[in-house]
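Just below sit the structures, each encoded as structure tokens.
Here chain A shows up in two complexes: once beside chain B, once beside chain C.
Right, the complex of A and B next:
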């Protein structure tokens, strides 16, 4: 029972981070290798807003969410906008450089020590005992709930929303979409904003749950396999992929070797690349083997 | 969007140079001779510290040249460079620790293991269009580091593996001066290999694949094969660099091979200038010396000791900033700047050439 809860929590973490990869890849075919750092940025922003709105948890979290979404848009305006239309290679390299830049700035501003953003806003993690005897911390439970909410609203937004429709159109054929009057820069900025938003939510909840160090960014990379296993352009696939990766990781820690935890997602990823590189639910377009 | 190339060199510049090169062919050897003279004489005036610094630059050049082959010429991203360096270093560490193998056995073994890793991790991703190599090299990095950590834990080398200096007969390569010449030679050999590869059929095939994959395919180039070849060659050279690194430091430990090291190599080729071997070397020089420059600058500030803990963060920020600046404003890197200065110098004193 505890194992199932652990898998579910880890899957939610991966899914929430990985949907950022999917959103950006879907509209621009760029792999955002700075996702881990953007996620961490959300957590660090919460540290600051927490000390500003001392004691008011809702206000602090809301402010941090707004700020990190703005950061996502700023990243697009000042960096990635210059890269659109150019080669995907250059854009991916730019995200690598962005990641290292963000990491440096964050350590300079907030230091690399272990910190607890929950303290100033009086949010303390307590364990909930579920029927069946499994334990789950409040923030882990919140993470599962937020993840469900995020995916639910993304589905609705992409399917029924006006901008969601535009996003899908831009992803399928940017040239045609632009000719039909869809502002591509707006769409791309929206994708970056949404992906930073979901990523930073994951970062904040993780930091509230277990503290915050500069090593959190590695988690962002570990979430990438979830996106790829499910299909880089499919949100539903990413949910399933996150479950598979999380299950593989939790079970291998439990039954084989705890040190495997960092490697397992990537072993799953390699297997996917060999067997079904377009992922479980991804589209095969452009992916034909050469 | 499907164009997988960075703009490298404009044809305008090439035409501009050709006339000069043809009429003054012998002058091409003048800078080369001066460089050799400079490098050799540096060996005898440099202090142990500067010699060691130069050795680090040579080591970095080997790594960045091999990454340049892959990214700058074949158009594939690898962020598992640190993993491959680690693989080479661990092969040396394990072989010399377990069987006391001499360097003329461990060095080829490291090179071959790099090639094998390149095949295993390149095969699934290079048969796909797009930048899937970035993903699978990420996997490579984590898997190699895990294996290295497991080995250290299993044998009880909690802090790392110590390695004896390589010996030729009775002579031990351990002084800074000896390493300077060994690594200079290794870097020069790598440069020659890369240069000749690029002038061969293989190099032209890579160029074709990078600029237009579909056209290259139509020309009868086996895309999967040449992409894989690029990665295998690049991985072998990188692993060899890792082996040399292990011998040079007499020490191997997982901590030395973080993802940050891979990112440094990516930064080298961006800063140096995509699609140029000279760029790879310039980038290696720049990125290796930057932390020292930062440390020196910080040391000049009042209350310098206060900032010591911030140095690594400062390095991260500086690398990120410089790399982004080059990507945005000078995609042709240091080589681009160099070429512009050269063009200006050639037309001196008239500045009205373009």
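Right, the complex of A and C next:
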């Protein structure tokens, strides 16, 4: 039972981060390699809002969520907007540069030491005992719930929402979508906002669960295989990919060798790329354009 | 106009050369950013503050220290390039490395080529500094391979006459794995039962899977010699799984604040530096200096950097003026500095021992009744031959 819980928690972490990769890729064909840094930024913003709204957890989290979403929009307006219509490779390189820049700024502003955003807002991680004797921390449980909520909302939004439909249209054929009156910049900005929001939520919950270090951004890279395994243009695929990657990692720790766990996501990725390069639920023609 | 530009450029170049010639140049490569920044950035900050204080008080032998600090992001190539630059561009007469062990080889190679002494401050001490020491490498860092584990396991062994079930946790970096491999063998020699050993990557998203495996092995003690983040996150994950045993980790710079945060009497830390709750005069001095310098890091994380500063100051003082790399090297080979209580014993370097002659440990834990950190074991001393 504990193993299943461990797999679910790790899969939720990867899925919530990887969701950001998929959202931006689906709409603009750009791989946002600054997703890990944007996730970490969300956690640091919570640290700041926590000290501003000391003792008021709801207000602090809400403010951090709003600020993170705004950061996503600002990244699009001031950086990625200029790349629209240009080379995808240039846009990807721009996200790498953005990541480096963000990492440097975050250390300059918040320093490199281990910090606990939960302390000023009196949020403490405790254990919940589940049926079967398995245990899960409160924030890990929140992570699973938020992940389910985020994916559920995104499915509804993309399938039934007006803006969701526009996002899908812009992703499938931007030229035609623009000709039909869809404002592409608005759609792209929305994708960046949602992507940063989901990443930030993962960052905040991880930081509340086990603290915040300047090393957190590397988790962005570890979540990347989940998106690729599932298919870079499929949210459902990403969920499945995250589950497979997390299961491989947790089971390798338990039954093979803990040393393998760090490379396991990438071994799964390699295996998938050999057998099905476009991912489990990805679209074949989409991948040819990467 | 051209004359003006040439004139100003010449003046600036002359001024720069004059100031470089008129100061002790100390170069440092450190992992200021990157995965291990939380360990090394406070070391560099403490050294900067220390040298600024010396300069404000008139320098050493009447000359200021020019401290050139470069970030290597804990990457070997960058560390090598930094050291090269510090040697060729800045003409450093003493080099300092405060970074991951993977940066050591290129740093040592460059320093050896230029015959400039290299000090490791806050970083793992390389094997070259232990007796019989070779070359110009020196180390001030508190932790000492093998001796740390010997002291730890001697303490653990003393807690129970029965065979102790012990689990181990290391980071997936060579230096941490080697130490835990040594510890596992040593524990077995002492009659303990090694029940599990986990190797944890610094990039781990969730420590629960490792904690699950350790808890299932039912250890009464767990010993970890890894980065603080790994030690504490593993410990907290084990606690959340309901494990009630004892955990002992290395007392990194964050340890004092973390013991106070967790308030768990079964979490022990072993270290060579005295915690700031002792309020030694030198610790008050560090606190004042950190406050005045508006430091981004708490004073209680500055012991390692401060000790490095004390050793550099003593070496340069002994080198006299004008100093060069050779004079500094000669001074370092015959140096003894009183640590004013930050460490139990002075740091003494000889021709064949560039580590220290005596290594002394203390073990701390939280005392719930007293509501403060207490010393669980004092004076675990080893002579380094």
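Quick note on the criterion: the second predicted complex is superposed on the first by the 285 of 290 C-alpha atoms of A that agree within 3 Å, B and C clash if a C-alpha of one lies under 4 Å from a C-alpha of the other, contacts with A are read in each partner's own complex, and residues count from 1 in each chain.
Assume a residue touches a chain if its C-beta (ideal position, glycine included) is under 8 Å from a C-beta of that chain, and two chains touch if they have at least 3 such contacts.
Predicted model only: the values in this text are computed from it and were never measured.
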| item | value |
| --- | --- |
| Fit or clash between chain C and chain B when superposed on chain A | clash |
| Partner chain(s) touched by A:82 [first = chain B, second = chain C, both, neither] | first |
| First (chain B), second (chain C), both or neither touched by A:262 | both |
| Touching partner for A:145 - first (chain B), second (chain C), both, neither | neither |
| Touched partner set for A:124, first chain B, second chain C, both or neither | neither |
| Which of chain B and chain C A:219 touches, first, second, both or neither | second |
| Partner chain in contact with A:156 - chain B first, chain C second, else both or neither | neither |
| Chain B versus chain C as contact partner of A:4, first or second or both or neither | neither |
| First, second, both or neither for A:104, with chain B first and chain C second | both |
| Partner chain in contact with A:112 - chain B first, chain C second, else both or neither | both |
| Set of chain A residues, in rising order, touched by both chain B and chain C | 103-104, 107, 112, 218, 221, 259, 262 |
| For the chain A and chain C complex, residues of the former touching the latter | 2-3, 5-6, 9-10, 13-14, 103-104, 107, 111-114, 116, 119, 125-127, 135, 137, 140, 206, 210-211, 213-215, 218-219, 221-222, 249-250, 253-254, 257-259, 261-262 |
| Interfacial residue positions of chain B with respect to chain A in the complex | 1-6, 71, 75, 77, 79, 121, 124-125, 127-132, 134-136, 138-139, 142-143, 145-146, 149-150, 153, 213, 217, 223-224, 259-260, 263, 266-267, 270, 310, 312-321, 323-324, 327-328, 331 |
| Contacting residues of chain A [partner chain B, same complex] | 28-29, 31, 33, 79, 82-83, 85-90, 92-94, 96-105, 107-108, 112, 174, 218, 221, 224-225, 228, 259-260, 262-263, 266-267, 269-270, 273-274, 277, 286-290 |
| In the complex with chain A, residue positions of chain C that touch it | 32-33, 35-38, 41-42, 172, 198-210, 212-213, 228-229, 232-233, 236-237, 239-242, 254, 261, 296-298, 301 |
